[in-house]
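Every chain is named by a letter (A, B, C, D, E and F) in the order it is written, and numbering of its residues begins at 1.
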């Protein structure tokens, strides 16, 4: 048992090291998040009124896209250099490694996004009552995004140019998170209670936490042996 | 002098928070822009010196 | 290599050693004059300049806001030109200048944005509006961040320098386009009363400290740039005899 | 008689309507080195990945210590060391960091010997250089360092000597002999001649290539 | 001279073949485009009025992101398998190959997007007067996006995990295209003349056409020799 | 006397504060095969990529047929054939498609001989299989097919025999001998022994590793 824990820790540390070694990797989902969000005022309309209506959904869509984009690299380099083969030939449970990698990924994307979201809120004139709802919903929702994304990443890892394919696979699964997440923010803005939405987001997280690592593990096995 | 008292000066006609916040930020940033290269320079020099010594011992 | 029609100082500048020693001599002057002007400008602007009839005292932010905005733009130019020189004449020092300027330019852009945002709250009632100036400053910050991210993502110093130079040049070509497009797109800007182009509207007591601050910040950030440059020279020329002599004693 | 470790029975593999091998039998016992032979494209890599369970494109039976592979897969994996064409070395990690993770993955690797293993493969002084800054041979040596740390019974090595210089090859050969002396065994492919001192069993995949298979 | 033309043609054909071999690659930018556009009614608000206001900008932002995402693969696989080295050791001009690759890429992303854009317009309740403006602006604007993106792709190709870095480099440069493009659509919707915008888009395209292949070629040389 | 093709003078290269070589001199004339020797990580690949102009991490001078390389680069490239560790074979393209593009890139390759070249490297019947479905050796053979189509004067080959079986190696060796008979020349690295019949010049990078360099 302690050796599995050890593996979890080592994988976590390894993935963080990998991310930190490229400092850019570290801040990129964040900056992408910011850029996407700032494209809208430019492309659509800079009017504060319009933007504040757009804000709850837009922040969530931006978070979703930022996660999605960074998702692709989750297993890619491990596949290419043969680390995945080694992983599948380990007597240790695969889902554990997946979970650990997702956790590291989430820290650097989802959690980071959650922390800068208020800045986006300000830029998009989100009423300040909406902020707690925004952060809470992102905090509960982004791990689910990472977990679901991991399944997509695992399924497409063996394909030579699966770049955009993963979006296709994963986006439909992201829709419930998007709906409840943006509704939670909207509720917060209009002063309605948001416990219900948060509970739903939490439930989805629990479900994803239980199933996604196993599904991703199985998908990895299929991708590599194919 | 545009202000009567020191309190007026701090208050900035009600805009004290904004003025001092931006000047605080400005001074902090400028200080960092000067301070960081200085300590970095110290660090570089130290490590280079250590290297030179190491090499002279080796040869 | 470079052809011979270039002036002699150009080649001297190309020598890291010469550059190291000349910046060593310049630094005290920059520090002294820059520091002095900075204090004068600060006190003058904060305490002595008359307050604005419309905005009251919040307008004193101008003495920080405008210089940083101007510097952020001119530092980008400096970075791109230095990069170009490095690319064309393979001048190492130019590469190092470009690299040292980028973080300072980004810091300046951040400052311009931050002071602008803070100023916006009392005048416009919100921290941020999607105005042309603001947007193009934001884009400038992104350009800086891109250059820095690319620079830190490439391990080899020489490759990083060349790559960032290409990026900075492409950005330079785009800056007028960006500026023009953004300005054209949305000029909800503040009343033009405060534009430097309409200087006469601003009394001398107001713009004199501004001028002092601009010069002071040029000197102070020039100083910071030289400090960075010297570190860069030392690290990259660590194998050179003169560095060993310099540090060995 | 030495105990049979890995047994393959009537293995059949087909790729793109081309039968790579059929009715392939192989029994690897303790203390044996097996070299899989065959020309380029004959199916050596395919065979190795079937043997270690990475590929499922085959028919036939596999046994580990006499038991059906499916039932003792975990046991098998804990006694296996596999190094493939792609070695599992992350380019952005240093030699040390790479080995650490490998040790966490494979309990059969002795983490305490990592330092010594790196020294043995000539990477002393390169421990903290990211792998992508190493030469082709050095990168492979990181993976081969695992041989010095392994307590696994069976080594499956796919062209382990690619890009390795002569001194390196000789050292690895000596190591293999040591490994089989201690009761381990090795299945490997290589296009280079091995030193004559090595007791070698060979199997040529091409011999199993032509087949008159009855299609049910 | 004819051998350079030959190279142009061969590269073009090769890149199309590569794209067609993975069918997913072919339709992915399109589907991404559609999905992003359909996230907004879900995440933000399904009201026709609101959406039709959003539409001109949204279509352009979606086109921009779809181009950006598919940009990353432009040189990636060529770098990894050594084709780029071979390219740089060719006596033929590099910029020509870049141009040819960009053209192939644009056919499968920009042009394809332009052709499905009306569908999006309908989904987002864009008034039908806006359609010609939408398509014309996309037709003139997306090649510029591809060309600028090629510079970013060339700069980041040597980096191990440059995935999101390219967005950071390229998005700021995309802003003028976004502004003029979405303004053109808006003008078309409100019935204003749009020649001015189209002329500007055309001018930018000409500039990009002249400079980007050379810049990208230089960047490739730097990336490979580093 | 045979004409000097490629001349390198006082080459210096440093990686991560480690001097790989200094004052390295090399003159490759028509009709010569040069083997670059050295242990793993000694700088062979680095030297080759400097020689063919892919790397700019060096100091020193290069000449092609006696003229400074910068001035005759185009001429040089049109007479060069380079095959590196990464062979430039796209995994998603078939052998034929790969060669076609290579021919368009390098006018020195004779496109009309593609079919025959593929046959010579034993890929007959695999012409229209995407390269990623081929074995490691077969993939490399696609790149080596260029040797049969090349009219280039100078071949620079970095470990061309990696993953190639013995029959393949012998054929490539014969081809090289033929190439130098026709006045061409070859610079290559390999860790395998070449057949004794080949007239071989060798240069060992390690001999140039230590340096008493004066830093300006």
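Assume contacts are C-beta pairs under 8 Å (C-beta built on N, C-alpha and C of every residue); 3 or more make two chains touch, one makes a residue touch a chain.
Predicted model, so just to flag it, every value in this text is computed and none were measured.
For the pair chain B and chain E, chains touching both partners: C.
Over half of the residue numbers found at the chain A and chain E interface occur in both copies, marking it as a same-residue contact. Set against the Cα centre of chain F, the chain with the most distant centre is B. Among the chain pairings, A-E comes first (most C-beta pairs in contact). Chain A and chain C have Cα centroids separated by 36 Å. For this pair, chain C with chain E, the centres built from the Cα atoms lie 32 Å apart. In whole angstrom, the spacing between the mean C-alpha positions of chain D and chain E is 45. Between the Cα centres of chain B and chain D there is a gap of 58 Å.
Shared contact sites, meaning residues of chain F that touch two or more other chains, fall at 56-57, 85, 91-92. Touching two or more other chains at once is no residue of chain B.
Multi-chain contact residues of chain A, defined as those touching 2 or more other chains: 18, 22, 24, 28, 31, 35, 42, 77, 160-161. Across the complex, chain A is touched by residues 52-57, 74-75, 77-78, 80, 82, 84-93, 97, 100-107, 130 of chain D. Those residues of chain F that touch chain D in the shared complex are 15-16, 38-45, 85, 122, 126, 129, 133-138, 141, 159, 162-169, 191-192. Chain contact summary for the complex, chain E toward chain C: residues 148, 151, 155-156, 158-159, 162, 165, 168-169, 171-173, 175-176, 179-180, 183, 200, 204, 207, 211, 215, 218-219, 222-223, 225-226.
Considering their complex, residues 3, 6-7, 9-11, 14, 17-18, 21-22, 77-78, 80-83, 85-92, 97, 224-225 of chain A touch chain D. For chain F in complex with chain C, the touching residues are 14, 17, 56-57, 214-216.
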